[in-house]
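Letters A, B, C and D mark the chains in the order given here, with residues in each chain numbered from 1 onward.
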Amino acid sequence: MRYLPKSPIERQDMLAAIGAKSVEELFSRIPVRHRLREALKLPGPYSEAELIEYFKDRSRENSLGYSSFLGGGIYRHLQSVITETVIQRGEFLTSYTPYQAEISQGTLQAIFEFQTLMCQLTGQEVANASMWDGSTATTEAVLMAERVTKRQRVLVAYSLHPQYRDVLRTYVRNSQLQVEEIGFGGDGRIDLEALEASLREDVAALVVQSPNFLGVIDYSPELAERVHRAGALLVVAVSEGVSLGVVRAPADADIVALEGQSFGLAPSYGGPYVGVIATREEFVRQMPGRLAGQTADAQGRRGFVLTLATREQHIRREKATSNICTNQALCALAATVHLTLLGKEGLRELAEQNLSKAHFALGELTKIPGIRRAFDAPFFNEFAIVLPQPVETVNRRLLTHKIIGPLALESSYPTLGRHALVCVTEITSRKQIEELISALRTVLAPDP
Amino acid sequence: MGKIRKASTHVNQNEGLIFEKSSPGKRAFDLPQLDVPAVDPQKALGVHYRAGGVGGFPEVSEIEALRHFTRLSTWNYAIDLGMYPLGSCTMKYNPRVNELVARLDGIATEHPLQPEDLSKGCLRILRLLETCLLEITGMDAITLQPAAGAQGELTGLLLIRAYLQSQGNARSKVLVPDSAHGTNPATAVMSGYLVENVKSDSDGQIDVERLTEQVTDDVAALMITNPSTLGIFEQRISEIAEILHTRGAFLYMDGANMNALAGVTRPGDFGVDVMHLNLHKTFSTPHGGGGPGAGPVAMKKILEPFRPVPVLVEKEEGELALDEARPRSIGRVKAFSGNFGVLVRALAYILAYGPGIRQATEDAVLNANYIRKHLEGIFELRYSLPSMHEVVFSDALQKQKGINTMDIAKRLIDYGFHPYTTAFPLIVPGALMIEPTESESKEECDLFIEAMRAIAQEAALVPELVKQAPHSTRIGRLDEVAAARKPVLRWKGSDSSA
Amino acid sequence: MPIEYPRTGGLVAEHKAVRGGVGIFDVSHMGDVRVRGRGLGAGLAAVEHITMNNAARLAAGQAQYSAMLYPEGTFVDDLIVHRLGEDDFLLVINAGTREKDVAWIQENTKGFDCEVADWSDAYTQLAIQGPRAADVIRKLGYAAVADLSTYWFAYATICGRSDILIARTGYTGEDGFEIYVPSDIETSEDVWRRVLEAGREFGILPCGLGARNTLRLEARLPLYGHEISQDINVWEAGLGRFCKMEKGEFVGRAALERMKSALTRTLAGLEMVDRGIARDGYRCQDEAGNVIGHVTSGSPSPTLGKNIALAYLPPEFAALGTVVCVQIRGQKLKARVVPTPFYRRPRGQEPGGGKGHSSAPR
Amino acid sequence: MTYPAALRYTKDHEWIGVNGELGTVGLTDHAQSQLGDVVFVELPKSGAKLEAGKPLGTVESVKAVFEIYAPASGEVTEVNDDLANAPEKINQDPYGAGWLVKLRLSNRAEITGLMDAEAYESYLAGQGASC
């Protein structure tokens, strides 16, 4: 087998050295009746060429050749050759969690740079070395708010990503936390009256997403102020990181839970992505996940180490802040490289292109009779429209035009029948937008 | 001082933080021409507009960016450079073809919310991986959703809890052996259970007699790692399973050490009810400096109805689909359909071996025992039962000279190896936990043995040399106390850089 | 290994199973000696020095019939030399002579920077022999069996066990294989059981020493202490084909050089004319009753239905067709000198490739 | 001397010095040496009610966390804020600058139940601890 570096005779020599007659003997502690006699029924072994062929065959059964207007938490953005080149270097790809600082400075410094970038993006003071994704980061942010405030009621905006809400529900089901959902108003923002009504002294946190799942920007310093008045924390979830290039940072939030997929990570049918938690310095010891910190060696040379480890499971065990063990180091590195390449100007430009294309698309769409904008609050690269026909029907027909239509909101929001969430990023070309428009005109045209 | 054959000192490029290289106006990225009218962000966003972009973001050129990260990379040790004997971490070779297939157009480019008719390829990949993992574990059902081992553990316990609740009593306790990995107790608490420790006997095996007393009607499950973190197979495992089952409790297995079992025996056959697999361990998806991973959970039929959504199902027409409507499900543990990219790599790894995966297991166990044989007596072997894929020594013999496991580990760096796992499991004071994996040649194992023997001699003759180690790295041992007392967790401008 | 397995048929049935189908022998008693160089090429040099065939001509994965000789050019033992690697050899020697052989090898390789290890106890050696042997091996999981030529070997996964050394060698005159299985009871028994299972459809029988002897006799394969011994030299035994004088120095070469011309006896095949079985040690006489030689092996031939024997005779009596007498229990019974081997594997049963044929004793 | 006679000690290695109604609480020299370099201390706010034997806070080193248990019941009157910036004082001066909290004792009887220096040292010896 090409991955195994031993010749049969070397194996025999090693067995002889051990003093075992057969490799069978090495498994002597496994009761014989539990030992497999027959080989496992697995396909393979495949050569490299066969492997590539198998996956190419699968890739042809997917969406190649379609243009897409899907967002809803996962966004198609430009990637870069340099990012791929860097994260495929064996020294990054095949290294372990940097517990041995002296021979892990590469990963550690990169994490430190990642933490810095995340703070700059979110306007927060500290950020961790990454979480699994936006949904788990948001959940961990809520658990963290509970630890900080020692309160156990959490208010969650109904416009928070439906799947994020699901994950939160799964995690808190067996805790003391109670979760209440706060609806959204006509403009797509959180319903302030409803919020006022529920925002009492026993509330640990309010969780909003911004831009929220309906596309509208929901964070504002005023919102933070309201929440703080009740002694609660404001948790802001950001699933479209690129927005932060042009949209005001949630600096007054207490905890920001970010999904970093937009920073150079492929959609990859569900993962891996990279979540982040950013917060105030004063809460750092309540924050889950790994942290890289700056320090020095005996000669005073700057170096980096994983620090504040006492929060983590391998030391706290049942008292840990979370059971998280792995983070998403390689994805965080990809984001670090990608953001470094974009730089200050690149990110701003990228964000503005998204903004322009989305507004162009909205303008063109609403020219079509029967289509109107659903919410009028400001948005970034995603917006909801109302169609004259059921979204499923429209989308099914769009497929014949090789177009994956906008996301139907009704499945997650029963009251939003015929509502569709359109996503347009820098990689959506004007041509694709115009094709969508003409396809829609055909699709929506009354059958003769 | 011992002869260092594998490594020699080499020049390292010094490299500051990327922010320190930044100079306004430089750029490393050009966007395509905007092909629609530009909107005025100020107008479009109003009060939400972020004037002036992100303060502090670096501004460098492409070559500087590439060099920066390339230089950083040279400060890392990696499997591609040599043996990584980290016990319980299973640092094995990460085949490059797996990286290629995970990046194919039509694989990496697929959106998790796209229509199922346009995702047949992805769904078939998921289904084949499920089938393979079930065959390897001997279980009945599986979920590929969990994002990592720790989340797999949580999912597993939530499944157990959901089942018990459906029977009217969720029970209150989860038993965890004192040799367990730290995630076990942490997870048990997260899933709403109290943790009770189970003592190991003098052989480091579960004390079955005591266990029998501990398993009351209030115990939901025992979380066991098999082989244990000592690298020893729990011989009375099916007996343990029976004890639990007669009390209506479950046997949860931490699959961290599946590397020692694949193709040789199956947890499903020796009484395990539910287990998670760390795809980044046994199934070689890259650790990438600490993730991403994936933690599928395999289970017996009885737990199947509670699997987290979405669940991969086959519709009447044989079409695969992701089913969200599962009334008895524990819910969703992660947004979207699992860490698909990681799952792809794991499948590629399994297909490359096919049934031959047994050979990988045999070689892993062979390597561990070969190393054990040559280091026995030189390092104390606290628990002497036969080893599987890893062996745990203690630093007792070196302690006499004031050398502890961490010192030895650090000195190993000078010999060109990554340290083994230190100070774990907790039941072995001053543990040296060594797992070579199947990826190491006899030659590499011999070099490692030679290095360890040399260090043992140094510890006896020139202890200071070992205590001060490493001597050949870019920087010496770092001041972790200072780092923890006055945490510096981000770059705050040149003032904070030492 | 027992003489025969009466419950499953006994000697003759076993013999016929191997000629017509397949049989399995437990030949674990054979000795296995590993000779491996420490210095460059030392292992090869050592093997070249102690064996008469040309080991240098072996590729890794190839084996050859050969012999170890005393300085007098007579036999220490015959053996099969397997080349495991560039400088790494496995010598498979006879059971009866194992201790003697190992000691002799150690003694005679002293001058070489090589390691000599007795691996006999590490293996259970099983011989699977007969025209259907290849089918059995294929069924046991070695699909590529057809590519394995006679006197070549490979490491294969059979009976679910990887790295099993499997050689296309044998001692029956049939196509066949010898497999080297880890010698722990559990593994050995399991493999034996699986071979019998796999062979059932081909009528496999477990075979004993009796069948092994009649089979090798029909094929004129020498047995130590009979056709070869410390009193018999290579030329007499008619094994010159495996003695490569041209390869240069080796133990016994000088003596063989001298004796080449003066051949006083040669191994001949006899077929009894009168009814009677010539046994090993019986005297051979001329018409006048002068003792001219002796029988080395003799037995009824289950395949030919005749009584056959091998005997050392003076060259002038060894011509085909010559009639000699064998002294059997006081009687002088006639026997005729016939061509050997008495039995030749029928055409069409030759396994493919044939790379190694020249090195197989015939 | 490592264990001042004026103080009383707990099995969890806290000390308490009593002065009338007031008690001062800290960690023993043994505790700090076992713990190693202290990097962080978590203490209650003053005014907090403490219950004997219940956790009053935590103290952390780089690789370990320890619960601090209240040696006696009472209300916290003062907290050693210096420790926030200089936790090393617990290592340097466990019975002086390294004190943790002062409290107004609600039940003096609890004190008599604690060990004196001699008892504590023999307790440590029994624990196999080297002092």
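Heads up, the rule we're going with is that contacts are C-beta pairs under 8 Å (C-beta built on N, C-alpha and C of every residue); 3 or more make two chains touch, one makes a residue touch a chain.
All of these numbers come straight from a predicted model, not from anything done at the bench.
At the centre of the protein atoms shown, by the Cα-centroid criterion, sits B.
Among the pairs B-D and A-B, the greater number of C-beta contacts is found at A-B. Each chain gets one centre point, the mean of its Cα atoms, and the points for chain C and chain D are 86 Å apart. Centroid to centroid, with C-alpha atoms defining each point, chain B and chain D lie 39 Å apart.
If you average the CA atoms of chain A and of chain B, the two centres end up 20 Å from each other. Averaging C-alpha coordinates per chain places the centre of chain B 55 Å away from that of chain C. Within chain A, residues 11, 23, 39, 310, 315-316, 319 each touch two or more of the remaining chains.
Looking at chain B, residues 356, 358-359, 362, 480, 484 sit in touch with two or more other chains.
The set of chain C residues touching two or more other chains comprises 160, 162. Because contacts link the chains in a way that matches no line, ring, star or complete pattern, their graph is best described as other. Every pair of chains that touch is listed here: A-B, A-C, A-D, B-C, B-D.
Within the complex, the chain D residues that touch chain A are 40, 42, 60-65. The touching residues of chain B, when paired with chain C in their complex, are 356, 358-359, 362. Chain B contributes residues 480-481, 484-485 to its touches with chain D in the complex.
Here chain C touches chain B in the complex through residues 157, 160, 162, going by the rule given at the top. Partner chain C is touched in their complex by these residues of chain A: 7-9, 11-12, 16, 21-25, 32, 37-39.
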